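Please find one structure pasted underneath; my questions will follow.
Which chain is which? They are A, B, C and D, in the order written, and residues in each are numbered from 1.
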Amino acid sequence: MNSIGRLLSLTTFGESHGVAIGGVLDGFPSGVAVDEDFVAAEMARRRPGQSAVTTARQEQDKVEFLSGIFEGRTTGTPIAFIIRNDNTRSGDYDNMRDVYRPSHADYVYDYKYGLRDHRGGGRSSARETAVRVCAGALAKLALKELGITVQAYTSQVGGIKLDKRYVDYDLSLAESNIVRCPDAGKAKEMEELILDVKRQGDTVGGVVTCVVKGAPAGLGEPLYGKLTSSLAHAMLSINAVKGFEYGNGFEAASGRGSEQNDLFYRNGDTIATRTNNSGGIQGGISNGNDIYFRVAFKPVATLLMEQETVTSAGEETKLLAHGRHDPCVVPRAVPVVEAMASLVLLDSYLLDRSRAGLFV
Amino acid sequence: MNSIGRLLSLTTFGESHGVAIGGVLDGFPSGVAVDEDFVAAEMARRRPGQSAVTTARQEQDKVEFLSGIFEGRTTGTPIAFIIRNDNTRSGDYDNMRDVYRPSHADYVYDYKYGLRDHRGGGRSSARETAVRVCAGALAKLALKELGITVQAYTSQVGGIKLDKRYVDYDLSLAESNIVRCPDAGKAKEMEELILDVKRQGDTVGGVVTCVVKGAPAGLGEPLYGKLTSSLAHAMLSINAVKGFEYGNGFEAASGRGSEQNDLFYRNGDTIATRTNNSGGIQGGISNGNDIYFRVAFKPVATLLMEQETVTSAGEETKLLAHGRHDPCVVPRAVPVVEAMASLVLLDSYLLDRSRAGLFV
Amino acid sequence: MNSIGRLLSLTTFGESHGVAIGGVLDGFPSGVAVDEDFVAAEMARRRPGQSAVTTARQEQDKVEFLSGIFEGRTTGTPIAFIIRNDNTRSGDYDNMRDVYRPSHADYVYDYKYGLRDHRGGGRSSARETAVRVCAGALAKLALKELGITVQAYTSQVGGIKLDKRYVDYDLSLAESNIVRCPDAGKAKEMEELILDVKRQGDTVGGVVTCVVKGAPAGLGEPLYGKLTSSLAHAMLSINAVKGFEYGNGFEAASGRGSEQNDLFYRNGDTIATRTNNSGGIQGGISNGNDIYFRVAFKPVATLLMEQETVTSAGEETKLLAHGRHDPCVVPRAVPVVEAMASLVLLDSYLLDRSRAGLFV
Amino acid sequence: MNSIGRLLSLTTFGESHGVAIGGVLDGFPSGVAVDEDFVAAEMARRRPGQSAVTTARQEQDKVEFLSGIFEGRTTGTPIAFIIRNDNTRSGDYDNMRDVYRPSHADYVYDYKYGLRDHRGGGRSSARETAVRVCAGALAKLALKELGITVQAYTSQVGGIKLDKRYVDYDLSLAESNIVRCPDAGKAKEMEELILDVKRQGDTVGGVVTCVVKGAPAGLGEPLYGKLTSSLAHAMLSINAVKGFEYGNGFEAASGRGSEQNDLFYRNGDTIATRTNNSGGIQGGISNGNDIYFRVAFKPVATLLMEQETVTSAGEETKLLAHGRHDPCVVPRAVPVVEAMASLVLLDSYLLDRSRAGLFV
């Protein structure tokens, strides 16, 4: 099940230290101009080694398109692309061949498949998210033509949280610092926290908030294709994600209907709501408001400190990871969250378009 | 997209005030004894009118099986069943025919489909969850034979929250009170809060926690069929759900890897972990520990108090709902969460079984 | 896998002698007026007991719609319907409980599922095709609004074959005789053959030809969603079908490219072809010409004559079927073939509509 | 829809003259030893330029595996592979940029997508079948461990047909001649016919027969996942295929049930049938007998002779194709048919394994 999406589907493949990782984006509409510079810029946002708060592993993550594009435009046929694994240092993982990293996928892969490629985490490596970012960049290009934008930002790192809602920030500022937080002061605190954690060989978690603007009403297919279900599915498929909430999310549990309902009113020729606690989605269908949601990331499991664990033979041992790892995955996860949201949105758009207004 | 599941799929149908609601459960293994009393008992847990904290609507929710069962056992062919809608009072909804209830699905259905059955919320009614509970009951019967149990309980209503983890409660006590909370004192507080809110014509949200015991390691299909993705997808498809988290969930964002990693150790002949912050799932695959997760429900959108809104013609108006509605959906949502989890678990079991140990 | 279709999916359920058979048609567009008289008329075309050449079993096959229709129009939500099994005489099947009918599904169901509902063939009974006809009738109503018609006819019964192509017949005559053949003379011969075979307790096979007019170019999704693949899949899912061919089909194997290629020419403002050996489909995509294909049916396996066989315990025995069975399934299969073609066409239309002309 | 399969899915990509073609085989079980020599041998059977009866285009069709294999064995993660397009002479296609080849996919791709890669037929080129053969080779390796073999052969070229059934030939002889026909005399005639047709710049069709031995009973998922439906779907997805039949196929239409039914008898400890007109499949489920079916191929549409056609602007013109094309696709289609059958069989095996014997 290495595919996601209904009409627009992304299939990914590749291990961290194999020949290449890559993807096949199928069902992408024809006629979209492929801006390769934009794709490269998106890749650079996720690239390891981009700043002091990320892993030192240097990957150029250069995308090689193999199919589906002709004379600069998509043809409607599957768009395949690969990213070579150049900067692998598999030797760093020799001591993990038969040892399970705590809270990592090593043990369950071994259990499920009976064997595994241990180098760099193999298939379970977050390196796979590079493929998502590339596919998401293409989806963004299509969404842009439809007037839909997707932007995410870091809203929490460890105990440091933004205390205002997304509407209270200038989101364009998020990309002006290395943690991708639109509040410059908090960004500085987050950066310092990550560097401090890194020095200790430890890791720290965080939260990414994502905002979609310009999405029309009507996206999402009840009941089991709700936009909320699709977004949750996509977000929980990202490495290290522990939770998803949209609109006022878990806070909604604490309140009253009379406080939280989004009252309708007339705004010129259109119907609008006075609040947007629903996060732009009601009954699983977009209502034309901004869509927003939050995604929780756990601290990266691979630590540069000694941990107790067991070998594949079941013997207790201690493990000190080498390799190059992120002290906090959140800054690099921002474009991954955007990518998955973009794929879900474009897929939902196509699904709705297939039937909307056909007979009524 | 009224279906969910890969090898075990549930397709549901029916409007709140139509002839009947029902479902088709396809891919269910043959040979499972169908305990109709158990199914009826599960239906009773979700049934409206069961206590003072639920809607007064009285539905017997009697399940009529149409196919897939022969001489008391499942045959491997699709199991279809219907539940007649007996106690409908569609007249209660006459004033909603052309008026959109705030934060309900009325508006988006009208926008998406161009027309809608407004009676009782039509397809968007939580009445559809009765179908899920019936299908889930069958899944539970199969899981029981595999040694897997699924139990949920109310862990929060409005501001009243359980402050301990699931392991610190006797979960068998959850069914001993009408809010389905294993802490008798908190249960009483929750009950009083719901009754108070009900008297005001208002509604209140809450959280359901769900625990799966006995699931073997190896369930979940990376990368886009992770057990976490499937659970999140299923939970977000339930009416009024705003968020999902598993293991330590959003709390994970605040902490350090060194605190949160679940260290492996040897426990007799098996590999175990000293903690279970992962909620029994690592890399999207179950590791043999208890699986647990939390689901946030917003307050029911339909209030028995006057609210501002607009008509389908875009004119501003006020709406006072009649009908019989739940002041808090959480107690009745407990079996719905269990049902969806059971379906996901059984489906995941079959998926894993298809390949596990075939060549290795 | 009791579902077929991508955006428009039909899920069917039910055993021949169970409570009811039925279906759920999901993804059907909203706003289509449901002409229940038309649906009933289609059901009557497939109904057993309709003429001397069909089984004597009398079933009214009255469709009860349960959902998805409001005030006479489809709502975009799943359309569920059931057909009660009234005229069952399960006693006729008592001697088949532990005996396998040759060339029937009895043995393989037992092998695969470990148990089976033997009454009337259970799930493997052609009675299930009544559900297809109902769903197909709804699809036809939608296709009609799109200018697309689907008509099938009997082109062979046993050794009696039509010797001309579909364009050489007035297809409206097909419904004027009980074998559904547009050639009155051949129809008479076919009728006599079937009656003769029936008198002997034997059965006979045949071929149904189906023609789709008015389908636009562009339907079908390369490469594994080719219109030809979808049609073949759907046709081979019908009981007793042994083969499928489109355009000049198996005859194409005998000829030369220079004879068979459909040459393009200009016809007024449009592009047309001088011949239609391609059957309206090239590269798996419709080209705007008539689509036509042929479906081969074997003789019904259940004979009213003694046959050698074995019991489920593996002992050799002889079986003389009672029950009421068709001597030739072809006349009643004509509306089934139309139904499946209609579902495939409407699904293909929606798939193409989702992307066509969006960016180019 | 460039994917096929349920638990084992193949996604393909690539244009004839693009960078590369390739595929992703997902859901393949772990632990299968990958014999790269066997894969190469299979590729060589489909390779262009292999003999006088095929196109002169020389492609090495060297497979580069990118993922899913570790230390010589499959890991259960997606197996991606590419085949570079080396020997492209896109200039040969310059005159087809705006001209539609009769009976080819040129026109419909242009109509459906609004643009197309015309070089070498782009995505519609039969070059894509190289990907299928590679994936099929891997499936064969797994099937071999399960005791299942798949072998196809040429049974008709133009008017020259084998007049005996598959059981009357030594199928191992099929690979001893360049047309892949187990009857040496007929093979010679076929070869001469193809060479004669080639000299004329014309093309000729044919039929491939495929036989599966060793498949256990129980494969195939009723009703819409019948093994016959899956095989037909897969075969009709192959370029130039016009028809599919299994068992006695279209001949079944001419006969009587009393002649065609496969009578059961006891054969030692097992249940067997005296004939196999069912082609090893009853009710859509394998019964343990040999599975056999036939696939009809039309003559290749691209001729090396002048043909009438139109331009994309709708003007009439004449086209004389250059390029290197097969005079008869059948000899090279033999491994393609085997590959698709192997993928369907392995997928069906996994589907059945997921539930078989779990509770009964």
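As a convention for this text, contacts are C-beta pairs under 8 Å (C-beta built on N, C-alpha and C of every residue); 3 or more make two chains touch, one makes a residue touch a chain.
The model shown is predicted, which means the values in this text are computed figures rather than measured ones.
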| item | value |
| --- | --- |
| Given subunit B and subunit D, the chains that contact each of them | A, C |
| Reference subunit B; chain at largest CA-centroid distance | D |
| Contact-richer chain pair [A-C vs A-D] | A-D |
| Distance between chain centroids, defined by C-alpha means - subunit A, subunit B (Å) | 26 |
| Subunit A and subunit C: spacing of chain centres that average the CA atoms, whole Å | 45 |
| Chain centre separation in whole Å, for subunit D relative to subunit A (CA means) | 39 |
| Residue list for subunit B, restricted to those that touch at least two other chains | 1-3, 12, 27, 30-31, 73, 76-77, 112-115, 123, 222, 351, 360 |
| Footprint of subunit D on subunit B - complex, ascending | 7, 27, 29-32, 73-74, 76-77, 142, 145, 222, 350-351, 353-355, 358-360 |
| Subunit C contact footprint on subunit D (complex, rising order) | 1-4, 6, 12, 100, 102-105, 107-109, 111-115, 123-124, 128, 156, 158-159, 197, 200, 202-207, 217-218, 220-226, 228-237, 239, 241-250, 252-258, 260-266, 269-271, 273-274, 277-279, 282-288, 296-303, 305, 307-310, 314-316, 351-352, 356-357, 360 |
| Touch list for subunit A against partner subunit D, complex | 1-3, 9, 11-15, 18-22, 24, 26-27, 30-31, 64-68, 70, 73, 75-80, 82, 112-117, 122-123 |
